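Next up is a structure, given as structure tokens.
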Amino acid sequence: MAIVLGPNRYGKAETRLVRVSKDGDTHHLADLNISIALSGDLAATHLTGDNTGVLPTDTMKNTVYAFAKEHGVAEPEAFGLLLARHFVESQPQVHAAKVAIEAFAWERLGPHSFQRKGDFTRTALIDVSETAVQVVSGISGLVLLNSTASEFHGFPRDKYTTLKEATDRVLATAVDAKWRHLSDKSDWADSFAGATAALTQAFVNTYSYSLQQTLLSMGTRVLESRPELAEIRLALPNKHHYLVDLVPFDLENDNEVFIAGDRPYGLIEGTVTREDVAPASAEWYL
Amino acid sequence: MAIVLGPNRYGKAETRLVRVSKDGDTHHLADLNISIALSGDLAATHLTGDNTGVLPTDTMKNTVYAFAKEHGVAEPEAFGLLLARHFVESQPQVHAAKVAIEAFAWERLGPHSFQRKGDFTRTALIDVSETAVQVVSGISGLVLLNSTASEFHGFPRDKYTTLKEATDRVLATAVDAKWRHLSDKSDWADSFAGATAALTQAFVNTYSYSLQQTLLSMGTRVLESRPELAEIRLALPNKHHYLVDLVPFDLENDNEVFIAGDRPYGLIEGTVTREDVAPASAEWYL
Amino acid sequence: MAIVLGPNRYGKAETRLVRVSKDGDTHHLADLNISIALSGDLAATHLTGDNTGVLPTDTMKNTVYAFAKEHGVAEPEAFGLLLARHFVESQPQVHAAKVAIEAFAWERLGPHSFQRKGDFTRTALIDVSETAVQVVSGISGLVLLNSTASEFHGFPRDKYTTLKEATDRVLATAVDAKWRHLSDKSDWADSFAGATAALTQAFVNTYSYSLQQTLLSMGTRVLESRPELAEIRLALPNKHHYLVDLVPFDLENDNEVFIAGDRPYGLIEGTVTREDVAPASAEWYL
Amino acid sequence: MAIVLGPNRYGKAETRLVRVSKDGDTHHLADLNISIALSGDLAATHLTGDNTGVLPTDTMKNTVYAFAKEHGVAEPEAFGLLLARHFVESQPQVHAAKVAIEAFAWERLGPHSFQRKGDFTRTALIDVSETAVQVVSGISGLVLLNSTASEFHGFPRDKYTTLKEATDRVLATAVDAKWRHLSDKSDWADSFAGATAALTQAFVNTYSYSLQQTLLSMGTRVLESRPELAEIRLALPNKHHYLVDLVPFDLENDNEVFIAGDRPYGLIEGTVTREDVAPASAEWYL
């Protein structure tokens, strides 16, 4: 069997952009980490080092900065669409572009003063090909905890099972979620705020018998409240809080004192989707 | 459109196992980080919190430790197969298991003394379903550098291109590679050593006109030398080494003094495959 | 010259504690990372492995959890004092205890629901010896940025200087600060909130000609507004924002488009202190 | 009490330098991460923003690169001395310079091909003032493990002690050590290799009743074998390997199956020194 080149892509990862825009003395800040990957007719450079079709990754970086000046940076989804379309439209050998953006939030402290927020990272993943456009938004690092209203029991037991059934436990997770939009036009800021609020409220309001149940509840709440979305993918680590055994010290522990564990951790992953929705045109999670 | 549960899985991530085996006074060490994900008939727990089918992730962790004692830990691929098959075969509601392993190497210093090697991490990714078995091996964090024998020119220039053509540059990367085996039986240790040597030698021996060319060379060398492999996927960050401008100090810089950059970096990704090979039965990269 | 044992200490580092306290249905959360180091008559274990004086580090961990139950966890400074005093008072061979605490903040979302805040980490460093008690509070990871009102010029130039003078630049830093209290009694929560507000306001309000000037302004503001403090130590990385050269693209860059750099970075460190204050009784920074 | 400026310093941290030197077709590689901090008459910039004495940190970075060309980079200690002396001697307002270097090792694969070693990082810390010169070398991240020949018992028990006595346990640590030289002239490469070998051999050969005993043994071995050294400081995390309880699975665990723990961990710190040696002229650990 011959050995051949399969799927491939290339680009510039993690271009760090800070864009200041000025409204008189009042400044606004956009802070992004942008990764670009292009695919298309790229066999020649692999086979012979012929770089005729290889727009330098350095140029992708320059384009980010130049576009930031020319077009400004409004929402990450919009800026990603602008960039992805540019490469597909201007480079004939490029058939598809993927732009992944992390957006870091800053809180205003004054007309030109800011404090970086660390509560979570907003993400956007844009795929533009010659025939399709796909927009995915997301969030990572949103850590939520319920100190009660969570149980876990009724599970099967095999010879390696020692876990006790729990009728009251801490449930905590670091939400990593991506949601796919039905179209490439939306009020991105409102959509992100709404989806994030729905995720958070569903976590808070679900009396949980498993993190899986909470996951489905969170995903469902997002799709119910955001008609512009097709589907959502959640990866929820179960950040275990182990109840400390205080019996040796003649102390009771009524779900009050916990070890916050590092590893291992449960990991619950699932997609919630609208039935009959058009399939994704490009990989959008993992 | 109704809102429904889509693809999902769950498991225990990052169970840290150290297994000592004793051959008289001479000890041997296996040091693994093991992540398990199961999928199958798991709708009930999502919909109602009915955990009848949810083998606890704590049990998966216990199984890792019990199996380490019962079966020993030889090669990570073999240990992963054992674990993955166990869950699919023993839990009727589980239709597929994915086991991802990181293996950390230790150098012997004495009969029971060891020093951890930090040059790279060996990986294994095992997918067992009711109808298919797939074994993927890999490496991450292998950092290679050629201080010459690398050029980059002949690329297209658009209005955002400022990069100068290079006829002599440093080429450096941190190899992240996964390769899929044709079967679930192999001499895993020999296969890993051979594939790693092929990757390294191809990097060293390729006079490079682009990192893409080096990538194809590396992948091809692995498949040529390892008939047991179906395909290989490489993700090669271009760890840029920027030539420092010493002209302001009246000094020449004949490719001698470099800034080792952090971000941004180029990222070259590609698959090299045998033609007509059977397709993968499960996701195996990304 | 004989070879002898010099200064030494030992302890348990990074015990992770989450303490839930319940006020009816309303829960409260404390989330701490606690490191303990004891010193005293510990020569025997070094010299011969005689552990008569070596209270196990495992016991220190247990003590953290038991004390959390017995005494609750109010402010990190108070909890650290409790722990440090316990070891010095209960173990005759222990002459001094150092307790370092990181406290992670959570925002309330409901009676028993919380979201972790990621804006900064609050720290406390407690040193108790048989003759002295010292309390240091602090903050790390507080990232602040002024998009104007910062200049840097008038610096000396040697043959290796190429930096241009700047009359308008971005000034950004990640505040790492520790401040020493005059006594071991204070309203710790109010003191922390006040010191943090003073740091932030001074950064915002200082028209800056150097990050050093901003540092002194920040430290002075803290001491002026918090009479309970003796001195403060600040380590301020200069998180460089490099102005992008857009001239090749026929674009102006009026301090609008920046590269957020990773490495290298300036690092400005300084202490601001009250004159004639009693010296520290133990190492409290670095 | 007046509020005044206390000790302070500033500099450029983490300048990343890769230096290629060419011996015909055979290339050599030095890979360093260099941090510089200067102190002296720096009050003016703090008080008024008068930067007359503030050599830019950008200049420090340039100096690193220019010196790498002019002088080459032999051993990190020598390069650090060169840099530190330069700033103290050429800038009258600078009274002391501290240069901290991390050196990353590469293994040769060919005349101009290299693989980065990840087993440990070599460090150097140089302090030059107008009256004193101090050289400290070190190592970090050297992970060592004995799978037997370690016990821990005979410790005191208080009401919070639950730890069982161990007559056979795994002992593992990640060595973080710094050692101070008696003079500023040495065969730095030989000294580093010898000290590292002594550390490793002492760890391997010590039958240990406590990690403290191992620490003293390691430090003593270094000073015994390296007459050029004044003292050594070791920080040894006790990387706990917890024996898994396999009794629920009717399996014995004869020190064969372990959990490699993350947090918490013991931390043993100590200095070993020659008696009557001249004291350090600058802070050299922590």
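Think of it as A, B, C and D in the order they're written, each chain with its own count starting at 1.
Here, contacts are C-beta pairs under 8 Å (C-beta built on N, C-alpha and C of every residue); 3 or more make two chains touch, one makes a residue touch a chain.
Being a predicted model, the structure only gives us computed values, none of them experimental.
Summarising the inter-chain layout, the chain whose CA centre lies farthest from the centre of chain A is D. Chain centres here are Cα averages; for chain A and chain B they lie 22 Å apart. Between chain A and chain C the centroid-to-centroid distance comes to 31 Å (mean Cα coordinates, whole Å).
Chain C has its Cα centroid 38 Å from the Cα centroid of chain B.
For chain D, residues that reach two or more other chains under the stated contact definition are 16, 62, 66, 160, 162, 248-249, 262-263.
In terms of inter-chain touching, the protein chains here all touch one another pairwise.
Within the complex formed with chain C, the chain A residues making contact are 16-22, 27, 29, 31, 62, 65-66, 68-70, 106, 109-110, 112-120, 141-149, 170, 200, 203-205, 241, 244, 246, 248-249, 251-253, 255-262. Of all the residues in chain D, the ones that touch chain A in their complex are 159-160, 162, 248-249, 262-263. The residues of chain C lying in touch with chain D in their complex are 1-16, 33, 35, 37, 42, 45-59, 61-63, 66, 90-91, 151-158, 160-163, 208-213, 215-216, 219-220, 223-224, 231, 237-238, 263-277, 283, 286.
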